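Each of the next two complexes has subunit A plus one more chain, namely subunit B in the first and subunit C in the second.
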Partner chain A sequence: MKRIVSIGAVLVACLVGLVGLGAEPGAITASSEAKRDTVDVKIDNFTFGPQELSVPVGTTVTWTNRDDIPHTVVSTDKVFKSKVLDTDETFSFTFDKAGTYPYFCSIHPKMTGKVVVQ
Partner chain B sequence: MREKEKDGLLNDHDHDGIDRRGFLRCMAWAGTGVLCVLQGGVLKSYALSTMSGSESGSGSALPAAGELSFVQISDSHMGFNKAANPDVAATLKAAIDKVNGLAVPPEFMLHTGDISHLSKPEEFDTVDQILKGSSAKDVFFVPGEHDVLNDEGKQYLERYGKGAKGAGWYSFDKRGVHFVGLVNVLNLKAGGLGTLGQEQLDWLKADVKHLKHSTPIVVFAHIPLWSIYPAWGWGTEDSSQALAYLKRFGSVTVLNGHIHQTMQKIEGRVTFHTAASTAFPQPQPGQADSPGPMKVPAEKLRSLLGITDVRYVRGQHTLAIVDSSLA
Partner chain C sequence: MDTVPLHAVLTLILELVMGVGLLVGGLLARLRRFRLHAWCQSVIVLVNLFAIVFSMMPAFRLQVIPMVPQKLGKSYYALATAHAVLGAVAEVAGLYILLAAGTSVLPKTVRITRYKLWMRTVLALWWGALLLGVATYGRWYLPRR
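Coming up: the complex of A and B.
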């Protein structure tokens, strides 16, 4: 009895989840339990850390400027571009497509980084 | 042991007019106290203590009252408020006080960029307000990378680029000296240095084409037009092309900012000079992990900020460049 109820509960949950997803435009995950991952990149001392980042498709990367000088995060291929980030300001971008995304700071172009999305 | 020769020349042991020890001091450029003047192609150094209060001084070899006198200031970074200098408005005001205290009032000032820290309107407004208090009649600007944030330099152009071409380059003449303001802080490429771009280079070529080679040229731009330390972005990738267009001139002076410390190099007939910031110092090349603001004890700060006084004496094809710190 209990098992049937619990299986039923799970089925109902999945159905609810799928219906919920269906109503949500732009949803890309197949399971209602999948969370959007967030990965942090710290900007400090004129460096992006980590400089090279590998993430799965759907990850949101958040850059936080911990330096005492402003920086920007600009995709070399014009995929994303932050406004100028003063100390403690952040910029986020969600990588929906697989690929390699080199970027740099447009104020200090020697500062470069890369996000590899798989 | 220094011997004071006639003409006020120091260390002219070979009597050939070349002051070798003075030359080395000019190269080291310890800061104040030494006036280096290139006269007739010969570099001479004068201890400032031998100069009397008035500019005409002893009259003979010392530079007469400059027919053209101007000041270079740089990197005011209005809006910066971190530990390296919590009050950049106060130090900019101190720099203007210094300008106003010069024996020969400057006719105008050159600001070699990073006027603001975050390209905010109120930051530009504050600098304009403070500069109004100077004895100089006009200020000519070129943008730094901090002045062109978020809008590709549109606001900078509206404020300071009247009559300028492209991203804000222009030229003007004063007393027979030709001044050229260049912009090398836009369209920077990943991993790259400062850049002038072909359109600006073509403009420069045409701009100086018909000038007599005896016309003294002063070029000013934010990022150094010589390779000081590429790892920190202290250089301009296509500056050699610009300098090639100026090669035939008898006197070329290049005034830059960006590195927040004074540095000088003479290469043939070209004198390169970078000014100190009025906001905060930066480390010497390679002396720190990165070129960011350098924190120093509060009482030391003003000794690492400063202004540059430049004087041109007609007929000499020379410009005397004197850096002085705020303390």
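Coming up: the complex of A and C.
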């Protein structure tokens, strides 16, 4: 009887392990999908990088000011507008609709970028 | 220069021209051309008022005031604030001289008696504000690398 219980315990343990292993790739996929939904744009040396970006609908774009002076991120079509971003401050916006979203820095209007949402 | 908005370039040029203009105006007083001196300084004080109201104040209100005083430790906010304070004092003092010397709207008790001292002090304040303005322009609009 004890032997049957032991074998059962080992089998259950193996099953749990297998389920765990099976769950692992799914979790990674979910997490990588979450990562894929967020795209970073760096503001450095008076430039948005990348200057032009193509992303799927639902993507959140995060701008980070790496410059040592303030910048803003303002949509030309008034869809989004950040506050003044100091060094290392960020601004995020989620694009829920397809389209082309040009933007600029309102302090330095010749600094421009574009997000294409497909 | 690619990063500089046009209004900032025009304001800087205008302010530099006016700074030199005030020195020329001072020279006119030394040459005893007082009427010309009065016109020169008055026009500059009034044009500067327009530059403050229509170019510098809107940018300062949007970009600097929300960050003051909590971020005054950052050089770009400190420079802009110092420039604004000194510039405002110089402009108000300039308007005061203009009213006191050029009109009779002020009561006798607040009229100026020591014109030279006032005018020279305001000229020094003006140039201090101008130099701070040039530094602010460089800090806000020109890449450092």
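Following the convention adopted for this analysis, the second predicted complex is superposed on the first by the 82 of 118 C-alpha atoms of A that agree within 3 Å, B and C clash if a C-alpha of one lies under 4 Å from a C-alpha of the other, contacts with A are read in each partner's own complex, and residues count from 1 in each chain.
Everything below uses one rule, namely that a residue touches a chain if its C-beta (ideal position, glycine included) is under 8 Å from a C-beta of that chain, and two chains touch if they have at least 3 such contacts.
Predicted model only: the values in this text are computed from it and were never measured.
Chemist: Where does A:F46 make contact in the superposed view: on subunit B (first), on subunit C (second), on both, or on neither?
Modeler: Both partners, subunit B and subunit C.
Chemist: Should A:D86 be classified as contacting the first partner (subunit B), the second (subunit C), both, or neither?
Modeler: Both partners.
Chemist: Which partner does A:I69 reach: the first (subunit B), the second (subunit C), both, or neither?
Modeler: both
Chemist: Does subunit C touch more residues of subunit A than subunit B does, or is it the other way round?
Modeler: B
Chemist: Of the two partner chains, subunit B (first) and subunit C (second), which one does A:F104 touch, if any: first, second, both, or neither?
Modeler: So A:F104 only meets subunit B here.
Chemist: After superposition on the shared chain, which partner residues are touched by A:T94: those of subunit B (first), subunit C (second), both, or neither?
Modeler: Touch status of A:T94: no partner.
Chemist: Jot down the residues of subunit A that show up as touching in both complexes, subunit B in one and subunit C in the other.
Modeler: 45-46, 68-70, 83-84, 86, 106-110
Chemist: Could you list, by residue number, the parts of subunit C that touch subunit A in their complex?
Modeler: It comes out as residues 2-5, 59, 62-63, 66-67, 71, 74, 76, 139-141, 143-145.
Chemist: Which residues of subunit B touch subunit A in their complex?
Modeler: 82-84, 117-119, 145-146, 149-150, 188-193, 231-233, 289-293
Chemist: For the complex, give me every residue of subunit A touching subunit B.
Modeler: Subunit A residues touching subunit B: 45-47, 67-70, 72, 76, 83-84, 86-87, 102-104, 106-110, 112.
Chemist: Which of the residues in subunit A end up touching subunit C in this complex?
Modeler: My answer: residues 45-46, 68-70, 83-84, 86, 106-111.
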